[in-house]
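Next come two complexes, and both contain chain A; in the first it sits with chain B, in the second with chain C.
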Partner chain A sequence: MNRWMQGLRELKGYPSAVGGLGIILFLVALSVYTVITIPYSEALDRWRGGEHWQMHPVNAGPVWADRLLGGNLPQTRVVESENAEVREAPFEGGKQVRIPLTFEYDNEGFPSELNLFLNQKGTQQEAFVRLTWHTPSGEAIPLGGQRVSEESRISISQNRALEGRLGMVPHVGLFAGDSDPADPEAERGEYRLTIDAMLFDPTAELEADLAVYGRVHGLAGTDYQRRDLMLALMWGTPVALAFGLLAAVGTTITTLVIAATGVWFRGWVDALIQRLTEVNMILPMLPILVMVGTLYSTSIWLMLGVVIALGIFSAGIKTYRAMLLPIREAPYIEAARAYGAGNARIILRYMIPRILPVLIPTFVTLIPTFVFLEASLAVLGLGDPQLPTWGKVLNDAQEQSALYNGFYYWVVAPAVLLMLTGLGFAMFGFALDRVFNPRLRTQ
Partner chain B sequence: MTAEEPLLQATNLHTWFELRQWGFLRVGSVRAVDGVNFELGRGESVAFVGESGCGKSSLARTLLGLHKPTHGDVIFEGEHLSELKGEARRQYLARVGYVQQDPFGALPPFMDVRRLLSEPLIIHGVTDRDERERRIRKVLEEVRLTQVDEILPKFPHMLSGGQQQRVVIARALLLEPAMLIADEPVSMLDASVRVEILNLLRRIQQERELTLAFITHDLSTVRHYADRIFVMYAGRVVEQAPVERLLDNPQHPYTCALLAAIADVDADNALEERAVPDGEPPSLLHPPEGCRFHPRCPQAMAGLCDRQDPPLFEPEAGHYSACWLQDPERG
Partner chain C sequence: MNSRLRDFRRLGWFTLRRVLALFVTVLIGVYLTILIANMGGKVDELRKIQIRATVSESVRADPAFMEMSSEERNELIQKQVQLRIEQRNLDEPFIWRSFDYLAQAIQLDLGRAEEMHSDTGSRAVYDIIVERLPATLLLFGTANLLVFFVSVYAALYLSRRYGSRLDRAVIGLAPSSAAPAWFYGIFLILLFAFVVPVLPAGGMVDIPPPEDPWLYAWSVLEHLVLPVIAMFLSSIFISIYSWRTFFLIHSSEDYVEMARAKGLPSSLIQSRYILRPTLAPIITNFLLMLIGLWSGAIILEQVFNWPGLGTLLFQAIGYRDTPVIIGGVVIFAYLLAVTVFMLDFLYAILDPRVRIEGGDQ
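The block that comes next holds the complex of A and B.
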């Protein structure tokens, strides 16, 4: 359509249109990338938490923020027995295994946690392991011994006895070297954890993974359940855009069609629509949503349905009606009736297209309102229980007192994304308004 | 006028618009068309003349089926319009074309010419795109829009007033109508293109042997473009006659007044006083009793004209007038 092309070409002259469109395209590209790389079911599954995240640190900040401030906090490293020089010595009815797990540590600060994951294969017999920690200065600290079954996790950080001996939590004490316990400093160099294991089956194999959890992780950091916040930030984008777009499309189109139907048929149809609108206008949307969420279900799609349902007879009907009333009497509509156009055709093809250009900007600026609505619901604790969304991240952050604990990234990242969405659509919408709304035309 | 069966017949046609208060209380009716009878033959060009508010446009819309007649009916090719439903009604709408007064307003501003000309064809079941294109091109050439390729992708606002009206005429002709109703087709056009459009309508009417019903308030143009004239006043036809006879020998005092009001180009007559009737057309809500023209009529006869409604008299063959002056019994 010529007029649309012309309008789009005109948009290039508005920096806010280009900027807004840039932001929108970025968000759309991010959504597409997210949906392709992390399928929906996988995202839900991962966000539920658990084993997938066991190699991630708890409450780690983003790497780039630390590096940008000149810091050198540790990232998580996992030392695997596969790469270690394992020595075995058989004895009757079993074998003795020594696994040295060595790693280089040259970061500032201390790891956030130490965990050892042991996996014994090929037997039901419990093994016995004894752990020794070797610091770069040559000190050997025994970490005690214990029985391990098939799969077990040894939380070195939780070792109370060790903590008592070191006078500090283990993941600090083990790295502190000779420094002042009141203000410990990490000793740099090569560390080694030696695992001496007695396996009571000659065919058994023992695998060991030492997780030295860092204090920073990835682009977005992690939350209190070790989940990578990037997953929620990325998946939040398609969810937010889909919610905003579907709600905006759903309410605008239905409202427009209903308003046009009322204007066209007049009489009791119009009166009924007007009365329904007036009743609906005094219904408060947020409390109803809170009620549905509390009493029924907080599924995001149900919320979307309720938002659209409440939006159908919204105040927009009054505006559209005012715009459509003069169009109803336009000679071209009389002409259309005279050549046999039916009611539906007149409403959809002759009345609505006439006001569509004026509505496009409103429509575009309407999208972020619904994105914010969804986020507000999530912050109020009525977010979808399964889906990772920006609002859910904010809600989690609030529940864990993120700002009080200094986990600023947990709050800032979703808030910035929400703001970016609002900004992008608003900038684009305002520029569209200037192009398509004749009253705002400057030339 | 031929002796064969008329194409269209209006029998005792009334179109009243109800006035309501509070949405349901009926407080009266505007009698836009109030008892009109006429017959239009095939291939005939007729003009409906009268001042604004005399019901010409309401009559046109009633003939087009846009208003439901309150009483009486339109009979088209032997079928009663009020009994047509669904497909039959659509067929009727295809048989009657409509040319409006405001050519720009009559074209949907958001459709290009190709699209807006396709619309009637799509509605009437021409699904084949090539067939539509062929018919559109043919009809555009018929209305002398010869640079078809340039016109088709344009939007109405890119066309001149004359071109817009030609597109409107083309749209009215697309469905091969038997009759064309033109409601003041040139009154909104620039004087320079009026004659062109009128000639075009006349030529198409003659080539296609259409019945053309012209609605106008301008008696000066009627002579060349119509065979018969109907003079309307306050919702009624007060005089009808072949064009020459009516213009040269008007019978009804209202027609005489209308004719007298035509601008005279002769400079010698510039200062001449004219006998133009005072007052305004009567209220259609409460039309005067008796002859509706009597309050303004210079020859009104007290006791007759303000009491009794005059029937149609036929002072000469084919020339009808609704005025007591023509009552043969009056002597």
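The block that comes next holds the complex of A and C.
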């Protein structure tokens, strides 16, 4: 125990160890926070996409990146009829409702999309709505009318007739004011969308939400399915750490036990283990993983199983064997045999603990390899079908040609997190290496 | 003279034994691959379904069979499906076919692809793979040689000046190798193909390929730059770091100190007293690095859209083209086996102990 404490104290002298440990602690804290605030099932459910994200913009960048560069791009805002001054005028067999949805717009650039969500309650009868757009300069643009049933979405951005009339896509044209159509500029001020609805049932209620989608969103931005990338970036942390740690533990411990068994029993056991290691060296790990992923299942747990299974007889056995051979002949082992210790006891209690300190640095530097392996598989499109992970974000980004379209944030954020993980463990591992392997220290 | 003959004989024996052992190893490895590729006959099921679909499609589309009643037609479909299944030996139990596959795979008779074909139109898996091999060799050969020579020379240089600022900077950068090459590749593409578009983002030559051979070579070179830099970045610092440690340990050996004390010039010390005795482990490490990089090929090629073995394997998996998948893995296994063999052989040549003891390990 004393030796470990001393080792830890010594670590303080290495800035890279402190830095690496800091990064690791940060990632662990982030994982714990994520798992507590967003439960597993909820994360999976949300990442599947759909309804939950309908108020999020498509492919919006992070807010901070825009503000840092001195930009002032709009964020998404939802104007709800609950806060509006609704006027109602009853008539026989129904009522007329006027809902003005007002909002202040003082951003640079244009919104990315305009959607109106209408929800009529308390009736089966279809209502008729007519929309008018009022710009700050007092211009009134009719947006046409249509029938709405219970819940409906009016996509103003995709109103082709309106686009034809404005000569620009609606979410630009409606905000452009009098500026030059070739180089439009957003007009600032108070905008109003007036909804004139005819409800054919006196008890009916109409709710309207106008979503003015922004171009920037939150800390991480959103992807092509409107999903907040923050969810994947946060949930990617525990997944990556768990995968890396389990794979590293699984492969190191099995390899170590097998190497020790071979060394202890010698003879045909050792020979068999050696030959198996050689076979394993020839098996190409990644192609096999890719094969398993395509032909069977891409579940992250299956992948973990295959990684560990292929890692059992890894080349590490040769190294461990070399380290264990002299230990086998050590007097204390002989003493253990003399008092009648069994084979398993000698292997597990006397031989393996002797080389553990040497292994810990290797173990720590092994973790990021597996984290990146998981990401690699996901980048190849073989990520877990349900879990949001960093690699899957990268894969989505690549499939949507994020770099080509200029959505750099989509690639950079998961990549930075991956790099951070890699660096954290590698820095810590390298420092541990120097503390626990004194031979390197003198250099 | 006699002793040289003995040496050769021992080297011959050693080589023969290693080749046999490796052959058995490759045999087992390839067989395992076949087993994994067809675990529980799932792929066979997929193939049967596919055959049925294509056959019924072609029968329905053929005007010659239009007149037939639906029963007759179904019978015809059934018959043709049966015929094709027998053609592909799908009706035999898998365990027999697996040995068939193995025998063919070992002879590099990799069969015919089911969906894919080579650029020249050949359906033979062997042709498809051989067509892609040069691309992989070009990319990985260039990058590995570059990393190897640069890191060994840089390490030699640093080991003479250890503790200097440059030395410490390189050690500090070593953890950057935690990220694989494709990861750097993404950033390089981002920087040099999109932010500052000076280099192509992927592929091996321009489309359409230039007619002039010089322009063709130039175009390949341009496409080679980014993936090679990506591989270089991801392994150079760790490589320098480990070589440096290695040389440091060896340059403090007594015989090196002795040579220094004798006043030999440092270049001679370096070549004769440091490099020569450490040549065997240097070669070992180089080949081990090759082994590690072979498997990394798939993703790097995928990211850079490089038309090599890795991309091929990935495409084959997309088509569920079992012969190509197995063929690809077999080729990978062979490449690894050849690498391991070269390792053993060079070791035997470079390390006199192997020769003297007759290769007993």
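Heads up, the rule we're going with is that the second predicted complex is superposed on the first by the 442 of 443 C-alpha atoms of A that agree within 3 Å, B and C clash if a C-alpha of one lies under 4 Å from a C-alpha of the other, contacts with A are read in each partner's own complex, and residues count from 1 in each chain.
Quick note on the criterion: a contact is a pair of C-beta atoms (placed from the backbone, for glycine too) under 8 Å apart; a residue touches a chain by one contact, two chains touch by 3 or more.
Fair warning: this is a prediction, and the values are worked out from it, not measured in the lab.
In the three-chain model built by superposing on chain A, chain B and chain C fit together without any clash. Of the two partners chain B and chain C, it is C that touches the larger number of chain A residues. In the superposition on chain A, A:Asn119 contacts neither chain B nor chain C. When both complexes are overlaid on chain A, the residue A:Thr102 reaches neither chain B nor chain C.
In the superposition on chain A, contact is made by A:Leu423 with chain C only, not with chain B. Our angle of interest has its tip at the CA centre of chain A and reaches the CA centres of chain B and chain C; in the overlay it is 60°, to the nearest 10. Minimum Cα separation between chain B and chain C in the superposed model: 9 Å. Note: no residue of chain A belongs to the chain B contact set and to the chain C contact set alike, using the contact criterion stated above.
Residues of chain B touching chain A in their complex: 23, 61, 64-66, 89-90, 93-94, 96-98, 100-102, 105-110, 112, 119-120, 123-124, 153, 155, 168, 171-172, 175. Partner chain A is touched in their complex by these residues of chain C: 21-22, 25-26, 28-29, 32-33, 36-37, 39, 42-43, 162, 171-172, 174-180, 182-183, 186-187, 189-190, 193-194, 201, 245, 248-249, 288, 291, 294-296, 298-299, 302-303, 313-314, 317-318, 320, 325, 328-329, 332-333, 336-337, 340.
Residue ranges of chain A in contact with chain B, taken from their complex: 2-3, 271, 330-332, 334-342, 345, 349-350, 353-354. Every residue of chain A that touches chain C in the complex is listed here, in rising order: 16, 20, 275, 278-279, 281-288, 290-292, 294-296, 315, 365, 368-369, 372, 375-376, 379-380, 394, 398, 403-404, 406, 408, 411-412, 415, 418-419, 422-423, 425-427, 429-430, 439-440, 443.
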